[in-house]
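Two complexes, one shared chain (chain A), two partners (chain B, chain C).
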Partner chain A sequence: MFYVSVFFQYMAQYMKTKLQYRADLFVEFLSDLMFQSVNLIFILVVFGHTTLLHGWTRDEMIFIYGFFLVPFALFGAFFNIWDFNERYIVRGEMDRVLTRPVHSLFQIILERMELESLVGGVTGMIIMGYASARLHLEFHWYDFFLFLLFALGGMLVYAGVFISLATISFWSDARSSIMPMMYNISNYGRYPIDIYNRVIRYILTWILPFAFVGVYPSAYFLGKKEWYGYAFLTPVIGLVFFMIAVMLWNKGVKRYRGAGN
Partner chain B sequence: MHAIEVEKLRKEFKVHSSRSGLMGAFRDLFTRNYKTIRAVDDISFTVKQGEMVGYIGENGAGKSTTIKMLTGILTPTAGKVIVNGMNPHKEREAFVRTIGVVFGQRSQLWWDIAVQESFRLLKKVYRVSDKEYKEHMEHVIETLDIGPLLDKPVRKLSLGQRMRCELAAALIHNPPLLFLDEPTIGLDVLVKLKIRQFLKEINEKYKTTILLTTHDIADIEALCERVIMLDEGKIIYDGSLQRLKENWGEGKQVQFTFATEVTEEELCALTYDIKATWRKEETNSWVAHVAPLHVSDVISRIVARYDIQDINIDEMSTEEIIRNIYEEGVVHG
Partner chain C sequence: MDKYFEMIRIRFLMMLAYRTNYYTGILIYCINIGAYYFLWSAIYNGKSAIQGMSIEQMTTYVAVSWMARAFYFNNIDREIAMEIKEGKVAVELIRPYSYLGMKTMQGLGEGVFRLFFLSFPGLIITSLLFPLHFSSDIRTWGYFALSIMLSFVINSQLNLLAGVVTFFTLNNEGLLRAKRFVIDLFSGLILPISFYPHWAQEVMKYFPFQAISYIPSMIFTESFRGQAVINGLLFQLVWSIILLFPLQLLWKVAKKRLVVQGG
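Entry: the complex of A and B
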């Protein structure tokens, strides 16, 4: 309960800060919108050339991409920890975080909140709407809640992997390029999983489970019964990976060395 | 109850020392040389509730490392730390609610938002009720004279203004123990005075224990009865400032500016029976260090003999005492 109220306090503060820079806000909104529409056109062009891929139609692949954008936007909005090493370890901001009576990871998530990213989620929904109209998909009332559950699960998968990577900074002070690399790998999750060979499929399912951000959950909405088991695993995998990440974090904080003055 | 209890506290850092040259860098790829550095070396001390303690030492002596262990930021390598009856890094979240921390070189406030918004966030984070906040903070804001700054964003404040706000922010939850790491660094004299006066006041009013590190000895003189002096991770002095002065700072300094050049031999010969020691400051300026009893004697002898342009009589400053201690390395008496 305390954490929820702290969350809203930070959120309100975030809005206030953003509203202070009116011009910035406007420009940012415009550029986000433009970025997203370019994205949309790009997808239509790319997928325009393919019709069938291992039994997946063009519209199904567009749907997967649309779905993927939603957990990805949630992740971008709430787990903006790309520069964790730089900002918190090298510059020593972690000192300040550790002198406050709220869990350190939670504080950092709140401080780095980037709600504009949520616009990407809206694009995702539009894409999904477009694809499902062409596929004549039918939805039930409970599908909405499953959608939420799967989107959150996907977000947790992302968060789990990237938080785990951020904790490396506690053990080694060298900066590494592993984050952008992982970002590239994560993109594979938005294509139908059975186009890959078995090893890559295994990796994307159990080790770096990015398939749970795109293909698996979308398979449920596309009515692909053979993938239902994986689809329903999405929130479980999300929770497991997120919990592992939090454990690593708690261990890492004990090793924090601080930055000299 | 003791506010702080530290026993045989130690913190070691493993640092990687790189070899020189290209070949060295290549060898570093395979086998690395690690050196263990003891930043804090088995120190023990206790601080009573309501005490104001100055924690001093040169750069790299281990002050900040100690403070970071006492505040739960760093985990000690060995030893016992009990602060406010708790183990700082084990019960971090419950523990930090009972302390206030100000790092002079690092801001606790949010850069972009108005000061009062930062306060509001901290009030939430520390779970301070509206009533407590009003009672306590109104007074703090008034004494530190930051009322007019509250609606300005932190980035628009001057260093002195910001520091006063930082101090207020550290006190939102009215902690019984306050850690100040160089709170007056880079501030002008007036702000320094205001901050010292404020710290004294809260110490008297709430019996707040204060541990502060500083490079400005005047802070210590104004606030602390007790100093803990650190050198290379070890405590070399722990006791009252008064005693430090008595043991080290006996005697006065008399500074003469001569009209003509003089030599040390001449001066020493003139004052050998009253054991004055001479030190050259500038070309024609010399300082005699003598027992208070002999001050007038020295002056009369010198004035009778030489043409004098200027005379100053000073006490040994604390700064000088401390410099002497560091030069000799140990504390006697």
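Entry: the complex of A and C
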């Protein structure tokens, strides 16, 4: 209960500071929208030259991309830890975090919240709406809850992988470019998994499970029965990877010695 | 002239000190090229050619576009915006060189560094991973070298333009992002211009963006032949001259109305 109330208080403060600079906020929304449209334009242009991509139609590809945007936006809004090493370890901010009455990871999530990323989720839902209208998809009442579950699962997959990477800083405070590398790998999850070769498919499913952010859960809503098993694994994989990350985090915090004075 | 050469050298050495960052840079580029390789393979799916390009040419196109990007890409627009914000620009302006020239030379120093430490090793690695086709015609390589030089010039001019606008708006994050978006999409990095619908291609003829990535990559993959190569190079040359005018004009006005923030 305490965590929930702290969470909402941080959120309220965040909104107050952001709404001070409305013009900046507007520019940010607009540019996010532009970058999200790049991939959409890619798909639209490419399907001017082909009708099927390994059995996936244009609108199915668009749907996958739309779905991908939702967990990605959630991740972007709440797990801003790509600069954890520089911000917290090198500058010694971690010392302060450890004195706070909530779990250190939770404290960092609160401090680094970026709610404006959630707009990407809205864009994603609009894109999905467009695609499902064209595909004449039928939804049941429980699909809404499954959607929430899958989106959260996808977010946890992302969070799990990136938090695990951030914990490397506890053992070695050298700067590394592994985060941007992982970011680029995660883009593979936006496209149908069967276009890749077997090795990459295996990696994207079990080792760096980014396929669970886009294509697997979308397959359920698109009625692709052969992928249902994977689709329902989404929340499980998310939880497992997130729990591994938290475990690594707790281990790392024990080792943490502080830098600077 | 000597002092500008010195700037290239210093930037090169500065980058050299942090070269380990670039080994992962190569990996990142390979990852990106890989994603597009699989996508394009799925798109071709047995088709021998789309818009006159074979799958082999397309893979080479993707690889060479990314590797060329390492050369022409720079952040001088952001650097200028930053120096204006911090007031450093005042000191720069009283130094005995052209500010914009200095920025360009720094960009060139970075570009040359990345050419040797990212593009060349990267291209060798990607050619081992993916089926690329390198031309055996020495002229193609010559035209390509000329073409990426012009890419660098045009991309830098656009960056300088965007940077100089900061003199007027003081905070132009929005413009910088919009510029990146337009260049991502219309330079030909993610899609060859010839794949766009006809009307879009017509519109893009009137903009300099395809000179940045599309033309050199088409030359390299020999998708442009004969007259098309010459036309492409002329297109680049003409734009690199045209862009000088707004740049000079803006720069003149900008210097007059410079407001140093907190400097």
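Please note the rule applied: the second predicted complex is superposed on the first by the 237 of 261 C-alpha atoms of A that agree within 3 Å, B and C clash if a C-alpha of one lies under 4 Å from a C-alpha of the other, contacts with A are read in each partner's own complex, and residues count from 1 in each chain.
Note that in this section a residue touches a chain if its C-beta (ideal position, glycine included) is under 8 Å from a C-beta of that chain, and two chains touch if they have at least 3 such contacts.
All values reported here derive from a predicted model rather than from experimental measurement.
When the shared chain is aligned, chain C comes close enough to touch A:38, but chain B does not. By the document's definition of touching, neither partner reaches A:225: not chain B, not chain C. Once the two complexes are overlaid on the shared chain, A:136 sits clear of chain B and of chain C alike.
When both complexes are overlaid on chain A, the residue A:184 reaches chain C alone and has no touch with chain B. Contacts of A:103 after superposition: chain B is touched, whereas chain C is not reached.
Note: no residue of chain A belongs to the chain B contact set and to the chain C contact set alike, using the contact criterion stated above.
Contact residues on chain C toward chain A in their complex (touch as defined above): 21, 24-25, 27-28, 31-32, 34-35, 38-39, 41-43, 45, 47, 50-51, 173-174, 177-178, 181, 184-185, 190-191, 195-197.
Only residues 2, 5-6, 9-10, 13, 16-17, 20, 92-96, 98-103, 254-258, 260-261 of chain A touch chain B when the two sit together in their complex. Residues of chain B touching chain A in their complex: 13, 64-65, 68, 71-75, 89, 92-94, 96-97, 99, 101, 103, 105-108, 110, 112-113, 117, 120-122, 124-127, 181. On chain A, the positions that touch chain C within their shared complex are 24, 27, 30-31, 34-35, 38, 41-42, 45-46, 48-50, 52-54, 176-178, 180-181, 184-185, 187-188, 191-192, 195-197, 200.
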